[in-house]
Each structure stands twice: as structure tokens, then as C-alpha cells.
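Working notes for the structure below.
The letters A, B and C name the chains in turn, as written, and every chain counts its residues from 1.
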Amino acid sequence: MRLGLLLIAVAIFTFVLLSLSPIDPVQAYIGADMMQISADQQALIAERWGLDQPFWNRFLDWLGQILQGNLGVSLVFNRPVSEVIAARFQASLQMLAIAWLLSGLLGLALGTLAGAVAGSWIDRVIRLYAYTLAAAPTFWVALLLLIVFAVSWRIAPVCCAAPPGVLSQNVTVWQHLHHLLLPAMTLSIIGIANITLHTRQKLIEVLHSDYVLFALAQGENLWNIVRYHGLRNILLPAITLQFASLSELFGGSVLVEQVFAYPGLGEATVQGALRSDVPLLVGIVFFSALFVYIGNTLADLAYPIIDPRIRLGGQMNR
Amino acid sequence: MLSLSNLSVTFTQYDRGLRRKQLRVITDLNLDVQAGEVVAVVGASGSGKSLLAHALLGILPQNAVMSGTMTFQGEPLTPHRCRLLRGKAIVLIPQSVGYLDPLMTVGPQVQRVAQLTGRTKAAAKTAVKKTFTRYGLPAKTFDLYPFQLSGGMARRVLVSTAVVTPAQLVIADEPTPGLHPDVVSETLTHLRELADAGRGVILITHDIAAALKIADRVAVFYAGTTVEIAAGRDFFTGKLRHPYTQALWRSLPQNEFLPVPGNQPNLEQLPQGCLFKDRCPWVDDLCREERPALRELNDGWVRCFHAEG
Amino acid sequence: MTSTIDPAVNLEAKTSSSLQQNPSRTSRRSRTLAAIVLGTLFLGAIIFSPWILGESGLSTVLTQRNQPPTWSHPFGTDWLGRDMLMRSLHGLSLSLRIGLLAASISAFIGTSLGLAAGTFGGWVDAVIIWIVDVFFSLPHLVLLILIAFSVGGGTRGVIIAVALTHWTNLARIIRAEVLQVNSADYIHLSRQFGKSSLWIARHHMMPHIVPQLIVGLILLFPHAILHEAALSFIGIGLSPHLPAVGIILAESMRHLSTGYWWLGVMPGLLLLLSVKAFDWVGENLRILLAPKTSQE
């Protein structure tokens, strides 16, 4: 199965990287208490973890653990990694879902508009917006929005997923949404840029095709052409693009959650990296690979549904 | 019905380093078409014939500049008028199914063509189905995608796009290449029928033999300009006027099969004088300097100083 | 996250009564060249600003702490009274230099792998493509964090991480060019004539590859710089003692609630302008060197 092969590749890659790294797993685990442990104790710990074993043994051991679903214990959170990922992903998912839908729909709309009136001032404005946003650092845009909406205008909270000091079971739906609003909007705004530009490009290509030329020859006006032929023919690239954007969104969420101190998977990634939480980091790497893979597979599944040539191909008629 | 006079089309293109070059694809084209006749526009591949069709419909790309006069049914054919008439009074039969939307079934596409001429959706659908039946296409053709059509079926669907309209001028762009001879004959017959029904048909092709089967008159195209306008039968009675036409006739497999020596001139830099001078057996100093105008000769037209009756 | 979009061409023709070329005052060619020169000068100015402007404005001046942007301090001052414009220029210069270094290494890797994949084909090609697929299976930032973390973070970590992850697109493009050129008829003819592979590489391949390489390299810089800034912002990148842009922005977050917005907005704005400058130069170079669909 392709997924299996891919994940094994990622596993090998990750393991090799971490083995080569100057990170000492024992030190990473012990942390600040390193000073208080004797060399003998360090050796004992190393032996217990099998760190003195040759490379392949360690790798296969580790791989075996992973395949059984045992991703280890997070050093930062002191809970099993799988639990941490599950909890954190729930928080991120809401933000990602909103951003994914919004950036997809708005991106499609703006891109189609820009492509249809390519060269006009509307197109120029849309392009300016998209190019500028695409060139802007994600965390800076987040910062900007935070400053405007939270600090200056005070219509959104400055941080976190809930008001500070409130117990999680007491957080209301409104408070929850209120805290989700700005991070989700930020991620959406950033995601729109790329989708707009690519959709625009695709529509322009379609508008230069032979069949559009023929439609024009039939007396069809621009908007009908876009309606009947444009949208249909950019649907496939649009869907591919949409699912591919999941990867970028995940990366974007790392930065956005950092700026808004939103306790999602992205923020956990940063924590893991800064505090050398190897099990957590590895778990998140695997998870993100799975996430991207699912996205791509869903896109592949859409192809036969939309393109009759793939669905029916090979059925010729006399 | 249609009259073209001194039509010229030039394209601006950018090369590497942003050097600008101008390609003059159509030069001083003259042509006229009456109702009920088939006029073939014949010339080598790539000599700008398709662009003529696009010019008549007003769908040339934006980097094209057009000059000269076009008159349709007594009124000038301005860009505005082109937009009003295309699909209704002037229609195109395209070269291949590549000109149909690949993700849409063919029935609704032809139906749309009919709707654009003013019919209601229901009336359009009936018209399409009637036409398909008339051309012997099975009923399920309506719901097939373009890629599912065989060569013959595709041709008939493409011709239907013209038939469902009341258009008086039909432009058939290269309808024959790559097709089985039976399909070719059938296509040509359909086009002849259109003309016999009172429409004017322009047949753009590089296949003279095919054109001569149904054409009333033939306009010979070279390097973007008309070099001769002859009656169809002139080819068989040996009454050809221009040296290029004669060479073209001789080059046919069923005749002497002699290729025409030389190459078409570079469209970026059209030579002074006659455009055919580098390949012409009759060339002299006069035609090297001056470009001949189209003149009447023996009930036809020719662009040559030396052509005799 | 930059894109490459061609200029638009509309659908209908224009007619003129006479066949005149439009004598434009500033031809497209000279406008493109001007854009490239201007963009390069702007970027050069930023990169060399530390040496040109020196250290003035970077010292602590407690009497002018936390001032909003004014004429004397266009970017305001920070909590130590340091001029934010100077800090931004120094930081950006550093970030640009690091980004350029990492991107160049990446371009080298990308070109080599692309050439290898296209030229040798077979299993070499398969392996390289497979590696590219693995790289694409992870979100870019996650991959960066993983690599930077593994090599111990810091400046070295950032350079290695960025260098090792930005080569994929360029490799793909170069590989496609090589395959396309190799399959062309004139290459077969050249071989028939007995020209050596090296000769073919130089005379037939290079003219196609070099433009793509140059444009690809220039357009790679902004990605590299943005990612370096992101890593530094998170804290996995450059050391906090260095004045890189990401660091400056991370610091500005501590002062957000106090309303000192210029600490984050202005340096980021300068970074944005630099990225746009790179895009501008890159796109114009592309128009100049390979205007395939640029018809006007």
C-alpha cells in the first residue's frame, strides 16, 4: 500500500535525521536535571532504552513500537503522545476547517472573477491583493490582524482558545467561537492568495482554449462562457489545488497558533521543537504526513467523478 | 452576400529578449461569396486560411491588427456587427472535436448553439435531435461526450452546429484532414446540401481534390494573399491563370505529382514585389519590384502581370 | 508563497483603419530592463546598508524609548531607544544574506539533481522523483522544523534546513527541460553528426537550462528568506542575539498589548517589500529570457 511505503520512508528519514543529530536522547529526557545524574546512571538509562544497540536494532524496535500505535510519552506534556496529538488536533481542526472552506470558496470566486476580466482594473486589484499577501510573512499578517482587531479595536481576544482562568468545562460556545475567530480568519486570508492566483491562471488557460474560441464564434458572451465552460473545466484543477492547500494550511497553522497562543497542534509542534520533545515531534511528523496523504487521496478520488474521460475512457462508439 | 477587399491581418509577437516582430499573415485578400454557392479557399497548410475565418467572425486575438473592408449583405462588417451576427448569420464549422467542451455531452452543446439563435430550450433540443437523426446519428449520441465519438460521428455533429442555425454564411474550416474517404465524401455532400439550400459556404482547405468535388469557385491562397479566383471547372479545362495554381494542380498525386519548388516567404519580412517571385518560372524585373493587383481575366481573377487567357 | 502568472491576453481583436505599429514611448523591453535594475538596486541597498550606514542608531538611548514613527525615526524606537529603521535594516540585511546563501545551496542541489534525473533517467530518475515525493508528503514548515531541530538549531540549523528543502521545484523544472531538449529531433541529429555529449550539453542544453536556472534561483530567494524568518520567529532559527527580522518580530510580540505596534508592523513591511522586489526582478527576468506566451 502506498501509504505504508510512504510512512516507512518518512520513518526512516526521521529516524536517520534524529540519529545523526547532536541531540542526546538521554539529555533530552532528563533535561535540566542532567547535572545531578552520574555517568553510571546515564549509562543505565541508555541501556534501558537500547541506545547502546546497533542502528538497525534500534530502528526496528522503534518502528515496531510505532506500528503498534505506541508513539511514546511526550516530555513536555507528560502524557502519551497520541493523546496529546488527538486533543491538540481537535482544537486545530476547527480552525483549519474554517480556513480551508473559506479560502477555497473565496479563492475560487476571486480567481474566477480576476481570470474572466483579465487585464481590467478589477483584475489588477485582485492580483495586487493576492500577490502582496503571497509575499507577506504569514506570522506578520497574523501580527497585523492581532494588532488591529485585538489591541486597537478590541473586538477579538488577544490570545488563547478561552478566556484565561476559566475552566475548560465552563467555556461557552460563544466564548469558544470568539477565540477561534481571529486565528481562523487569519489563516483564511493567507490561504486565499494562492488559490486565487492559481484559479485565475487556470481560467485564463481555459479561456484561451479552442472550445472557448468556438463558443465565442457561436455568439456566446463572456459570462455565459465562464458559466458553461469556464467553471466546469477549472473544477478539476481547483479541487486538486484545494486538497493540496491542506499542506500549506497545516504549516500556516504552526505560525498562526504561535502568534495567537492558540493551543493547537501547530503550537505543540513548536513546543516540542524548542524543548527537544523527540517523541512528540516524531508523532506530529507522522501525523502531518498522514494528514497530507489523506488530502491527496481524496483529490485523486474526485478525478473519475468529475472527468468523464477517466470515468468512461475507452468506450468508443461507431 | 459577402465581399472582402484588401483585407490584411498582422500579428505582433515577442521573441526572446523582448524583440518585437510583426507577422503579416493576411495581405490584400479579396474574396466574394454569393448565396447558394460553395467557394473554396485553397492553400498550403499554415498559410493563414483559418485566420480568415476568425477575422470574419471577429474573434481574432488581441495582438492582431486588421485593415481593409468587409461587407456582408450590403452593410459593412464592423467589429460590432460581427458580434451581433456570429452564431446567427455567420457560423463556423470547426476542424475537430477539440473545439467542443470535453467535459460536456455533445447534445447540450449543439442545443446551446441553437438557443443562441433565439430558440427556446425545448425548441432547440428538438431541432438538435431532428438534425442528428437527419444525419443518421443514433439517438444516444445526444448524451455522448466528444471523446466518445468516432471520426464520422464527430464530423456530423460538427456540421449540425451550423445546420441548427439559420445562418446564411457557413465557414467550414479544414473539414477533411485525417478522415476516411467515405467520411470525407459524406462531409462534402453535406456542405453541398447547405449551399443548395440557399446558404453561402466558404470551404477552407488544403485538399484541392476534395474542394473541387463541390466548389463552384476556388480562391487560391498563397503567403496570405489571393493569387487567383477561378471557377471550379477551370481546373479540369486547363484554364488556370496563375503559375502557383498551375503548379499546385500539377503537384496532385492524380496528375503529375510534381512538388512546387521553394518555400513560402517569411511572414515577418514580406518581400517587395510579387510574393511568388522566388518560385515563379515567369519572374522578371517588373514583378520583382511591383506587387501586381488582382485583375479580371477570363471570368476569373488573377494577381499576376504575366497571366494570359 | 509566491506564484508565477503570465500576463493576460483578452479574447477579441482590435481593428485600426491603417496598419500602423503603435509607437510606444517606453517600449516593453526598456520597461522590463528598468524594473530589473531598480529592483536589484533596492535589494543591494538593503543588503549593504550595515556597511554603508554603520552602527549609528543601534545604541541604547534611554531618553527616546518607545517613540512612534516620526520624521527623525521613520520606524519609531524600541524599549531601549534604538532606532527601529536601523535595526530593521541590519536585521533584514542579515536575513537576506542568510536566505541568499541557503537558497544558492538549494539551487545548486536542485540543478544537479534535476540534470542527473533528466540525463541519466532510469533508476537515478526514479530515486530522485521518489525523494521529491517524500519531501512533498510533509508540510513544508514541519519538514523545516524537523531538520533544523535535528541538526541542533541555530544559524547553522536554519541554513541547512532551508537549503535541504527548497530544491524540489527547481529540480522538477530543470528535469523537465532536460527531458524535453533530449527528446528533440535536433539532438538526435547532433549525435548522428558525432557531436560529443559535452558539446551537446554546452550548445543545446545550456541555452534552455540557464534561463530557467536564473529565474528559478531568483524566485527561490523570497521563499528561503520567508522561511528563515519563520523559523527565527518560532525560536528554532537564528540566535536571539542576532538582529534577524524573525527575531525582531518575535520580540515585538512582547510589547503588543502596550500598543507599540510599530515594533512589529514596520520591520515586517520592509521584509514584505524585499520579497516583492525579488518577485519583481524574477518575473521581469522571466519575461526577458523566456517570453513564450508573452504576446501583445
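As a working rule, contacts are C-beta pairs under 8 Å (C-beta built on N, C-alpha and C of every residue); 3 or more make two chains touch, one makes a residue touch a chain.
Keep in mind the model is a prediction, meaning the values are calculated, not measured.
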Greatest centre-to-centre gap (Cα means) from subunit B is with chain A
Once every inter-chain C-beta contact is counted, which two chains account for the most? A-C
Where the CA atoms of subunit B average out and where those of subunit C average out, how many Å apart are those spots? 49
Rounded to the nearest whole Å, what is the centre-to-centre distance of subunit A and subunit C, using the mean of the C-alpha atoms as each centre? 22
Rounded to the nearest whole Å, what is the centre-to-centre distance of subunit A and subunit B, using the mean of the C-alpha atoms as each centre? 54
Which subunit B residues reach two or more other chains? 59
Quick check on subunit C: which residues sit in contact with 2+ other chains? 9-12
Hey, what residues on subunit A touch two or more of the other chains? 216
Touching subunit C in the complex, subunit A uses residues 6, 9-10, 13-14, 17-18, 20-23, 115, 118-119, 123, 127, 130-132, 134-140, 143-144, 146-147, 151-152, 158, 190, 193-194, 197-198, 200-201, 204, 207-208, 212, 216, 222, 247-248, 250-252, 254-255, 258-259, 269-270, 273-274, 276, 281, 284-285, 288-289, 292-293
Quick check: in the complex, which residue numbers of subunit B touch subunit A? 54, 57, 59, 83, 86-88, 91-92, 94, 98-104, 112-113, 116-117, 141, 144-145, 147-150, 153, 161
In the complex, subunit A touches subunit B at residues 210-211, 213-220, 228-229, 232-233, 306-309, 312-313, 315-318
Subunit A contact footprint on subunit C (complex, rising order): 1-3, 5-6, 8-12, 130, 133-134, 136-142, 145-152, 222, 226, 229-230, 233-236, 246, 249, 252-253, 256-257, 259, 261, 264-265, 268, 271-272, 275-276, 279
